[in-house]
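After this come two complexes, each holding chain A, first together with chain B and then together with chain C.
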Partner chain A sequence: MTILLKLIQGIGVGALSIAVGLLFIGIGRKITARIQRRYGPPPIQNFFDIFKLLSKRSISHGFAFDLGLIAGFSALLAAVVFLPMGQINIFPHNSSLIMIIYLMTMAYLGMAMGVSSSGNPNATIGIARALTMMMGYEVPFAAVIFSVYIFSRTGSLANIVAAQSGGFLNWNLVRLPFGFVAAEIALQGMLGEKPFDMTIAPSEIASGPMVEMGGKYLGFGMLQHSIGLFIETGIMVDLFLGGASNIWIFIAKQFVLYFAALMINAIMPRFRIEEGVSFMWKFPLLLGVVQALIVVL
Partner chain B sequence: MSQSQWSELVNYFRGRSMWMLHYCTGCGAIELPPVMTSRWDMERFGIIPMATPRQADILLITGYLSIKTLKRVVYTYDQMSTPKWVLGFGSCTINGGIYWDSYNVIDRLDKYIPVDIYIAGCMPRPEAIMDSFIKLREMVQKGEAKGYEKYTKNYEWYKANQDHVFGRSEPVLRKAEEVTKSA
Partner chain C sequence: MNSNLIWLVALPLIGSAVAAIVVRYKFLDRLITFLTFATTLFVLFSVHVGQSYSWGLNFLGTTLNLTLNVSHLSIFMLYISIAFGTVLTFYSLIDHSRMKGFLLLLILAANNWIFMSNDMVGFFFAWELMGWASVVSVLGGREREKSRHAALYYMIMSVSGSYSMFFGIFTLWRLTGTFSISANIAYLSSIVGIHPWWVLGIVSLFFVTFMIKAGIFPFHTWVPLAYAYSPDAFTPFLSAVMSKYGIYGMLLFMPLSLMERGFPSAFGGVPWTNYIFVWIGVITAVLGTVLAIFQDDVKKLFAYSSLSNLGYVVAAIALFTPVGITAGIFHAFNHLLFKGTLFITLLAVISRSGTSKLSEMGGLWKKMPITFFTFFVGIASAAGIPPFNGFGSKWLIYQAMIKQHLPFATILLFLASTGAFMYLFKAFHSIFLGQLSHDYDRVKEVSAVGKITEFFLMFAMTFFGVQPGYILKPIGAIVKSMGLKPLPVMANGYVTGMFSNIYVPLISWSLAVSFTLGFILFFVSAKHKYVSQENNYTAGQIPEDWGLTPETYQFSWNFYQPVEKLFAPFFRIKIDGFFRGTGDWTKTIGSAIKEIFVGNAQMYAFFAIVGLIIFVIAGWMA
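Let's turn to the complex of A and B:
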């Protein structure tokens, strides 16, 4: 009976993350439009897009193509249930942080398997860039996680949140400032916002991994992106912004992080892939290592 | 919810979100940047430019098509997944425009792929393009824009027209081997 209940909760949390992610992207499109002095689409435009994409006929490129996309999508759905969001914490796992990071890598690998089996060279270039960029931002992010781990002496996100309770000054944002800056830069890379959006460079490699996706496949790609956005900002809220007492505050804090990423996105050009990785391995990694040293010593 | 209500709902959402692939070999391509960017901003109608035919719903063809480019347009159109719509932009797609008697430019796009809306003019202003988007949205939401169904139903006719014009691509001068033989 409890398993059934957990299952229903898990589905609910997945649906919530999809809805919030899509809404965030929609609001983000509106904000970017206003920065560019355009009127912009309505904030719920992404729901229209998803509905339309899922209602289109679509072309598969073989079994591995389907399997890869489903694997990526389900890995992210599996990751989101480990994320404590406000009072919702379905699986209070002992090392949920590592679990989420692992499953998010799985999502990328599943997508890599899928899109590279489509045989389009642009897709292969795009996914190669995505994996290279992942190597870039995972290293500083790992350094940050390492310092948070040692600082809080726990690997459970729920306990990390609990350790930050009691006001703004107890947040890891204040206690571990260098780590926060490093993680914020890594977050920009994770979200794929500018200047780290070389994965989906529409004018160079025809939108990269999505090049052969049409209809329902592109719809699943968009859903995957929205869950990914929810998890990535959610981890940052739990690690640095002291979690939240309820889900609404959690979503508000997530939006603050996404808003900052959008502002950087709106004014930045695009890095080349080697510039992006070398930037990630210089400044955020340096900050992360400095933070880890401060924590250890 | 009955079948017709469901298809009405689907048509409503399809009209609210149309992604466009612009095939810009003609000179009319210059009118598209103002439509996409701040001055006219087509994103407020849910229309954004896409990079590949797989992702797109609208195929916008600007200006004239030579026989070579028509071949690519037909490939592109076949790669798009249904439902899909074609906008013919400028007088070149209607009657050939200034190329009406050219030996290697097609006159009527409608003979080769089904066109849902023509935008007349040489060239049409961005307002005209926006107007055609609104018109297409209305047609899609009423379920009237059925060019892709016309294409599947009359595929033999379209295919014959395409083959006729592609088969015309013999060299105008003598063949290469004849030239070498006579030399």
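Let's turn to the complex of A and C:
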């Protein structure tokens, strides 16, 4: 009975993360449009897009292509159930942050396998850039994670949230400010927003990984992006913004983080890959290391 | 007295002799090798912890006691090495590379002797047998000249390691008058409080040997050469099993660090000596990863990858905490499984495509689907992705490092892990994904024996990923036998580190459900049709107009060029400056020595024997 309950809860959380992620992207499109003095699409445009894409006939490059895209979507869906979000915490004793990060890696591997098996070099160049960028932002992010681990004396997201309870001043945002700034810059890279959007550079490599995707494959890609957005901002909320008492506050906090990322995205040009990585290894890593030193000493 | 122990050594020796007689008939040689491995595994079932066997060897009027003793650690190592060897030799029945089965059996005999030996004479003899047999095995790769060079290089490293160990053994013998390993370690731990530097010196002599065998920085230079140019069927054994001898040796001496009160502790309560060793492991992990990213020879790439993984193992066991030791041994096992699998699939790919150059392959996944999936599971394990087997140990290693408050070492290990994802994907893409060259239109999947092996390995990697308890329980016994408190492992899947817990089967269930949902969504949405690989978006251009063929429309050369630019300053300083400087210096000294020596392998061997005799005589006189 409990298994069935957990199953339903898990599916519910997955659906919620998809819905919230799609809504965020939709609002993001609107905000970006307004910054650029356009009218912009309605915020729920992405729901129509998904419905349209999933119902369109498309071409595929073989079973590895299919499987890769399904894995990209499903592995993130599997990761999101371990994320504590407000009062919704399906597996409270299994929210190890490193486990969630490694589970997300499965999605990236699946996605990379799928689009590369299409045989289009643009897709592979995009993946190579994404992996390079990943090496860039994961190092400062790791520095922040391990600082928080040592600071909170726990590696489980649920316990990290619990350690921050009792008001704004207990948030890691206040207690570990350098770590927060470093993680915020790393988040920009994680979300693939400008100035770190070289992975999907439309004019250079024809949108990189998305080049061979059409119809439902593009739909799966969009779903993956929306869950990824949800998990990445959610991890940040749990790590630094003290979690939340209920799901709506959680989503509001996530949106604040996404909004900040959007603002930077709207006004920034794009780094070259090696510039992006070396930027990540200079300022954010420095901040992360300073934070780690403060925590350890 | 348990005479079944002696069979573990004798049986492979007999098998080796028989196989050597029929070595001209390759299949017969391989068949005898496989059968001997399987029989040895069968004999191993009758071996239990605590059994021992000893016999006296009358040597020039002195009686040497040779002892075999089965500890928790040795039975674990015996099981994993022999089981993997059985799988590999089963696969090698259909292999055509120039691996000699009887040499592998000699290594097996040495393998069993090393893991059971409780006296240093037997240990040294077995170590030498293993060393020489593996040097000869490295000869006979696809490129003769290069494999000869690699074997020579490996031999010189091996021999210098042996001298070091020999020196250590006789120093200990002078001090204690016995060759027994356990007695000597007990002696060392009793004096470590009084003479810490003496103990450090003696143990270092042994550790040089073990680090050379495991390929730990700064003794890693032979690894890429020997791995890349050895016969393709021998490389899996070299990487999966033989690199663990060094780890085993280190683990023998590691309990000393419990007593190391003579040294002040560094950060996080880790003794200084261990702390330095942790960093040696971390440097090895990062160095291996960064160098692996730029390799074009796939075997070299995975050689550097092995280097990197052994760095993880060393960093973890050097902590000498319950979590650290558990994580280290667990990662050693996982590395054995996934790297063995990866090298076996490479063996399949290289035998079909005839090249080990990444830039010459591509798109093989449609031709070899089972090998493709095995490779996929292998790299997922190596990248530490749940639910496959590499995840649990990597996770535990992070827990162990963080528990000792070593954030910087952990950050670097995390960098190595992300980098691992990069080179693994590079290999994956360049071999299996992308455009299939028309040269490989007639490539076929491996035959039935290969398929069975691949299915079995895939199953093993998933099984030990989902149920890590089956490995963590024996490791718990090892940890306990070292005088530490073992980690609680419940229901075969519930792993608890210091900082957080994971219930691994839960992750698998979550993945199973979400993949089911993914497939359902995929099949209820609109239909798709399959198109050929040439049917690509090319921004409105027609590739034929530019004379583009699948080979030229495949991105595999300079895969990580931006990273190369990023690391270029490091390469200039480290490789060009430091190593060339060292190289010139060595060359100067070398040419001075060359005046005396002739410079061929026989002369080196001759001097090695002369050196040995001098050592023995010195030992007798003293």
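To be clear about the criterion, the second predicted complex is superposed on the first by the 294 of 297 C-alpha atoms of A that agree within 3 Å, B and C clash if a C-alpha of one lies under 4 Å from a C-alpha of the other, contacts with A are read in each partner's own complex, and residues count from 1 in each chain.
Simple rule for what comes next: contacts are C-beta pairs under 8 Å (C-beta built on N, C-alpha and C of every residue); 3 or more make two chains touch, one makes a residue touch a chain.
Because the structure is a prediction, the values reported are computed rather than measured.
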So, does A:210 touch the first partner chain B, the second partner chain C, both, or neither? first
Winner by number of chain A residues touched, once chain B and chain C are compared: C
Under the stated touch criterion, which partner chain does A:268 make contact with: chain B (first), chain C (second), both, or neither? neither
Would you check which partner chain A:162 touches, where first means chain B only, second means chain C only, and both and neither mean what they say? neither
Which partner chains sit in contact with A:29 here, chain B, chain C, both or neither? Use first/second/both/neither. first
After superposition on the shared chain, which partner residues are touched by A:45: those of chain B (first), chain C (second), both, or neither? first
Looking at the overlay, does A:59 come into contact with chain B only (first), chain C only (second), both, or neither? both
Using the touch definition from the top, say if A:249 reaches chain B (first), chain C (second), both or neither. neither
Contacts on chain A seen with chain B and repeated with chain C across the two complexes: 55-59, 206, 211-212, 215
Considering the complex alone, what residue numbers of chain A touch chain B? 29, 33, 36-41, 45, 48-49, 51-52, 55-59, 202-203, 206-207, 210-215, 218
Contact residues on chain A for chain C in the complex? 7, 10-11, 14, 54-62, 64, 66, 69-71, 73-75, 77-78, 81-82, 91, 93-99, 102-103, 105-106, 108-109, 112-113, 116-122, 124-125, 127-129, 131-132, 134-135, 138-139, 142-143, 146-147, 149-150, 153-156, 159, 206, 211-212, 215-217, 219-220, 272-274, 277-278, 288-289, 292, 295-296
So in the complex, which bits of chain B are touching chain A? 10, 13-14, 16-17, 37-38, 41, 43-46, 50-55, 57, 80-83
In the complex of these two chains, what residues of chain C are touching chain A? 267, 363, 365-366, 372, 376, 379-380, 383-386, 391, 394-395, 398-399, 402, 405, 407-408, 410-411, 414-415, 418-419, 421-422, 425-426, 428-429, 432-436, 497, 499-503, 506-507, 510-511, 513-515, 517-519, 521-522, 525-531, 533-537, 539, 550, 553-555, 559-560, 562-563, 565-566
